[in-house]
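Per-chain residue numbering starts at 1, and chain names A, B, C and D are given in the order in which the chains are listed.
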Amino acid sequence: MERENQQYNGLKEACGIFGIYDINGHDTARITYYALHALQHRGQESAGIAVSDGKKINYHKGNGLVTEVFDEKNILHLKGHIAVGHVRYSTTGLNQIYNAQPIVVRYKNGYLALAHNGNLINADELRKELEDSGSIFQTSTDTEVIIHLIVKYIANGMVEAIKMAMKKIKGAYSLIIMTNEAIYAVKDPNGLRPLCLGLMDDSYCFASESCALDIIGAKLVREISPGEIIEISKEGIKTYEYDGSKKEAFCIFEYIYFARPDSVIRDVSVYSVRQEMGRRLALEYPVDADLIVPVPDSGIPAALGYSEVSGIPYGEGLIKNKYVGRTFIQPDQIHREIAVRLKLNVMSEMVKGKKIVLVDDSIVRGTTSKRLVAMLRNAGAKEVHLRISAPPVKFPCYFGIDTPSKKELIGSKASVEDIRKMIGADSLGYLSMEGLLSCFKDKGFCTGCFDGNYPIKVPEEGSKFIFDDFSTI
Amino acid sequence: MERENQQYNGLKEACGIFGIYDINGHDTARITYYALHALQHRGQESAGIAVSDGKKINYHKGNGLVTEVFDEKNILHLKGHIAVGHVRYSTTGLNQIYNAQPIVVRYKNGYLALAHNGNLINADELRKELEDSGSIFQTSTDTEVIIHLIVKYIANGMVEAIKMAMKKIKGAYSLIIMTNEAIYAVKDPNGLRPLCLGLMDDSYCFASESCALDIIGAKLVREISPGEIIEISKEGIKTYEYDGSKKEAFCIFEYIYFARPDSVIRDVSVYSVRQEMGRRLALEYPVDADLIVPVPDSGIPAALGYSEVSGIPYGEGLIKNKYVGRTFIQPDQIHREIAVRLKLNVMSEMVKGKKIVLVDDSIVRGTTSKRLVAMLRNAGAKEVHLRISAPPVKFPCYFGIDTPSKKELIGSKASVEDIRKMIGADSLGYLSMEGLLSCFKDKGFCTGCFDGNYPIKVPEEGSKFIFDDFSTI
Amino acid sequence: MERENQQYNGLKEACGIFGIYDINGHDTARITYYALHALQHRGQESAGIAVSDGKKINYHKGNGLVTEVFDEKNILHLKGHIAVGHVRYSTTGLNQIYNAQPIVVRYKNGYLALAHNGNLINADELRKELEDSGSIFQTSTDTEVIIHLIVKYIANGMVEAIKMAMKKIKGAYSLIIMTNEAIYAVKDPNGLRPLCLGLMDDSYCFASESCALDIIGAKLVREISPGEIIEISKEGIKTYEYDGSKKEAFCIFEYIYFARPDSVIRDVSVYSVRQEMGRRLALEYPVDADLIVPVPDSGIPAALGYSEVSGIPYGEGLIKNKYVGRTFIQPDQIHREIAVRLKLNVMSEMVKGKKIVLVDDSIVRGTTSKRLVAMLRNAGAKEVHLRISAPPVKFPCYFGIDTPSKKELIGSKASVEDIRKMIGADSLGYLSMEGLLSCFKDKGFCTGCFDGNYPIKVPEEGSKFIFDDFSTI
Amino acid sequence: MERENQQYNGLKEACGIFGIYDINGHDTARITYYALHALQHRGQESAGIAVSDGKKINYHKGNGLVTEVFDEKNILHLKGHIAVGHVRYSTTGLNQIYNAQPIVVRYKNGYLALAHNGNLINADELRKELEDSGSIFQTSTDTEVIIHLIVKYIANGMVEAIKMAMKKIKGAYSLIIMTNEAIYAVKDPNGLRPLCLGLMDDSYCFASESCALDIIGAKLVREISPGEIIEISKEGIKTYEYDGSKKEAFCIFEYIYFARPDSVIRDVSVYSVRQEMGRRLALEYPVDADLIVPVPDSGIPAALGYSEVSGIPYGEGLIKNKYVGRTFIQPDQIHREIAVRLKLNVMSEMVKGKKIVLVDDSIVRGTTSKRLVAMLRNAGAKEVHLRISAPPVKFPCYFGIDTPSKKELIGSKASVEDIRKMIGADSLGYLSMEGLLSCFKDKGFCTGCFDGNYPIKVPEEGSKFIFDDFSTI
């Protein structure tokens, strides 16, 4: 599944977040800039950094990539020893700058900046409740609901206010909250989205994925636990628990596709587990073939695993164009097929006359898979066997992933055999749920997109995108 | 006093506002765009338009001139029969987009958009009160305080809520408030800032100045009264009074400098009254001279009036460069004097060997007047007599004008004779307060910047800029 | 006649040029930047500066205003003691960057940079001649022909080469030519376009108009003579004559409209002569009226002169919007009349019930005059008498002014009475040719646009725009 | 060797070219746009397209990537059935737009557009010759010399003129030349740079690499021969030979690094031959190790080949950040190491405790290799063995590749053992020249950068960059 192209109708991650409480004299805004850059795959719509110098919070946010939103001038302007940053994914392409994060507010006792990765499922009713008690809202985000709740309970102290707010909200949320004086990391009781603790010299930091720690030279300490609140202040690090149930249900799709391959989440290397999925896939769906070809880049580790187990050589049969930009002049009707080749070209020399196993991580609508199979056949491939390193995606996600509706999900409406026919592959094999789970030592996953078993009762599908009610352009 | 140059340290108007409730099928966003363009002199930092289609409010705002913020695409996107727009003046040049107006919020019963011209003097204490009762703030503007108050009282109905909110706030405010269904114009009990009612075909509209009505072909109906609320809805126009005192104290500086000369405010033509100030000035401070030279453009009408009474010919002794842009490469030290000439050039042929009367509307710091006098002398002027069509500016404004602090106001710290010496003029005459007031038939002005007599008790100077507490860049 | 608006179909000047040979250690690129800024009214399409350090020529050019094309970085990069700059007017709005000037070339002996104001009438045949002898062309400009000719004759020395080239070319040209080592100013034998010599400290410079000297603090020495070549090198200043006939035919329209009012050309103040035209106009076409209203800004001096002689008061009946930008959202059909008001508003208070004399410098197509008369009537003017401070424009210009074709010139196809009717004025008076010429002490003008008497035989109208043969976009 | 980063001091290809003579009604400008996009790796500085409609040539060029320079508007403006396009690599980052190609000129008989890939070694003397006979130059490119020569001989007909010009110029050149009526492809007698003939439906086209044919759905016909001229006109295809010697010396570095892996050049698949280099490298420099890690992306095929022969597993030990943009905020001194990690991250889980073979295609200065080895060690690699799939680069290229000077080439100044020490690898193996050549069936390569054996006598190193003599910024 390709990620870069904005027009591509794949699955999209919601957000990436980072925070740091510095005691080593680092330039925290700059550090956050690099960390957000490493988390860019989690969101390309907008980027923002807020910084506290102990008294006041300054911030800058804007639409675009991290490298587009920030320059030397605004990084220099953001002075302070605590920082929180956020990247957000692209929905419409229109200017939704008022929804950019972190959201920064002034309230009775000072300032709050909040960065959120995830999605609430009861934000609408909470917002109505808050509106009934007089609150007003300036964005279309569920994140603004969280901040209202925290302020509502603030008289009880920050940690207690967070706990009380967390008891009201339902859904997926990994949060970084900054006050004038401290920074907090929070994970929902199911721990749906990743968030880890790192150490940069002697300064604690939080990041959605460990790849953000790598870039700044920080060490990964551990994953935040489900239902945990971590507070970093001048008194050091403290940890709190606000939900004892801790029924972990970590999004398994982070391992399959979303997370960067070089991240380590919950002590599991994303890359290694993808390779392992490929190995299991080879055991479950072996085939007599000449070459294992990955769909770059996300299919590579599974393809290598498949190759290892099957003994069939691995080869780059599809080559990516490195200069894929955001804005292409669209081909006219006659040359429509150019659109696919703008991103990928087939290595004819390599696939000609061969039986190919094409390995990808998932099929969403099936259109790209269909084109790739056709391209391989046109280049002379004798057979094309499609292998997917996860079960069919059948259900929408309510917890922070932008999935199409159920009726657009090919896995939801067609049998594997029908999908195979539609795509035009000689055979099609999806890794089984058992096979997928067996790649991990531990348990505790949300597999809702495959089997509809969500850790929390989800609303009717129609009510999914709750906050579309006013828009900026 | 020149206006265009952003770096110029003159006095700056706070804002311009416009609103319309259309029943004639006009494209309200486009109409608002043109109206804001005519009000551009009241604010060049940001521009915004919000539109209601009866159900929902959409908006677009951004930093820059109206023509920079809006294009065909976003105008087309803003559909609806009610609209409100705002232009805001430039403070720092940094990106303060979160303070752009109209502010649009969602609350219990729907949406509110609010555009504000003026300045509150008790916003800080009101904000603290609101924060104490749990409100959170996302901008640095006093306008956000007003919207919180209105929502707080909304259960009493919109008009009552506005009345109750207005009773809490103190200061200068001309407001246009839009709900999903109606639009409201409000003026503070002193009527400090302008706001008028217009009629475009059969549709009522509101504008800071009548020049905005001219551009869209609307007729000026009347000025909104101090302490008046006008409501335009599908039931037509209704008017309410929320403060019976009505002690009008209209900002006299709007007539002297801020308003566009082609506007008519409170039945008084701005241009004509400026000409009259020039006539009175000629009577108060006659001088034997050869040529009356205005400081373009604001000194022109007074210069013409002075010429008329004195019988001394009027002539353009200073010529403006029409291509003055925002960004100049700064001259090096050696060529510093170029900076002045970038904007104005002396007509040597015209002033050589002559006794000149230079007419301007005000002196703020005195540095520009000093340079102009020197330029005229260098070009061969035999004498330069400076005439100002208003009394010395001695006190800061707390009601929506961005004045320098008292210690930077030359009128505050030096006698007229000392100012004359500093500027290097042969003589200097300021129009007297009596002379100024005699230009008007009616009374009811705020003359605080000249005599410190403010219509409302003002805070200590230090506490003037209340909401500087968090900043975006 | 208004100038700022790019869409306005008035007459447009071709170019402005400036050059300096510095011996005082000035930053020549910066000096040229300011000088070009003062000449911006002569061309807004592109700007360019070339600098020689004695060995090599560096340059930068681009599309846009001087302040848009240049920034601190590229000014700093242009080091050298000789500089030449150019501004060019906007033709199509498309990117014609390859036609920007100065044109810089390398040839046998070194480098040449050439800046040209004017228009050749035999460029096409010269280009064919040069092509026949093997020359190739990379731009669509007649300027490239001149540079080819100079290089062709270069073996005879630079001055001789210029002389020989000048003998070949016909038309209007004021040139500044820079080699590695020297700078040259050249005027055609009729001296059609302006070019003057200035002195900045001890360094000689050349400029299209003296206003460019004013901004940099240079003194005006004298106008370059028709058929004169001036050379500035390390050996000082030398002057040469290449055409003894010297039948001066200076473009009279520079005085009427094109030149900046604060310039002095051929010892004549542009502003003063415009005022004089107004005086003569009042004598030729007196009228019983209440107010003299100029079309701002170009009609102002003539209106003041008319007022002076007639004794009728002068007043600003039309007010310009200072924020007229380049890009407006176009009004829809219903609101078409907004387009005019974007730039000018009528001062209703001032014109109501009055007999108005509207003074402008020229009528090209008549559409703007018609709208202005209508606006004045709508505002309540009792009578509107139009007075033009020049004779009717009847013929196209072949010498550097962008005029519409003869059939679009209203003066060419209609009688004065018919024009008056079309425009809707109560009376219409054009200054007579005799009246116009009597404003000047000296003779020697090109009045071709009024009477078709060109100083050189001109081609058929169809062949006017010779070099449209290949285009960049 | 990484390619994307503009600041990276690797080797840079000069240019990519494409041309088409369409008889099928294709939109040639759009086709050229896509083809140039596929050739973007050959040059990122500027892009240009010229189109002939049989009578006239229109063109558009600009600085930046193909997707930045062209938009729907300018593509639509370029109408015609013959087209030629060019991409150029980035030298300084400054605006060298006057050197963008194709160069388009008007000459006696019509128009010429010329796109050039390569580098002439006698351009300087030819330019002097041309200047002596009166030619003038407006760019700093050797390409302008070629066009002057062709025009000089044009009286003999186009093919003859090309032949005569080609006999004068020495060096590397693959050219596409377009007249109003025909298009020509030309290769130098040594065939140093690639250029192939393709067929899109029934229309012939030319491209630097076959990957450009793939994207537009054209078929690869054959490589142009050394010393061949192909003419496509309304009379179809004709081929000419202008140099019988045909001593082919194709740049072997195209196969090693420059060409896109999915291209086929001279019947050799670039990808396959790189894999073969890896296989030979494994035979020449075997090592006991646990994992073969490529430097992405260029080291991948050789790493796969090495893995295949050695039996050691292949794995992605270094992960690229997909969002590497052009403009990064530079890390401060303390965090300098971040710069490397912005582009590549080590997969610690994968390399920890392992003996690694790191495979790359070349070492230029050695600094990147050194950092990568250090990163692998820091991540826990037990041993790091560096294998390079080509011999040491010891000599600069004079034929179209931008190499650093000899003294900056580490291969030129240090022994393999010294390089190994400097880089910090446990062992270092370069593929031998024999090994490299044995990967190909045919002969006829330029291996000058490895052994100094150039096919043509080259100038002294100092005189390499001949045309730096005047610059735009």
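By our rule, a residue touches a chain if its C-beta (ideal position, glycine included) is under 8 Å from a C-beta of that chain, and two chains touch if they have at least 3 such contacts.
Since the model is a prediction, treat every value here as computed from it, not as a measurement.
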| item | value |
| --- | --- |
| Contact-graph distance - origin subunit A, target subunit C | 2 |
| From subunit D, the most remote chain by mean C-alpha position | B |
| Between subunit D and subunit A, distance of the C-alpha-averaged centres to the nearest whole Å | 37 |
| Cα-centroid distance, subunit A relative to subunit B, in whole angstrom | 48 |
| Distance between chain centroids, defined by C-alpha means - subunit B, subunit D (Å) | 60 |
| Sites on subunit A at which at least two other chains make contact | none |
| Chain pairs that touch, as defined at the top of this document | A-B, A-D, B-C, C-D |
| Touch list for subunit D against partner subunit A, complex | 3-4, 26-27, 30-31, 33-34, 37-38, 40-41, 44, 65-68, 70-72, 75, 211, 214-217, 260-262, 264, 269, 271-272, 297, 300-301, 304, 308, 313-316, 319, 321-323, 325, 327-332, 334-335, 337-338, 341-342, 345-350 |
| Subunit D contact footprint on subunit C (complex, rising order) | 56-61, 74, 77-78, 95, 97, 103-108, 111-112, 131-132, 134-138, 147-148, 151-152, 469-473 |
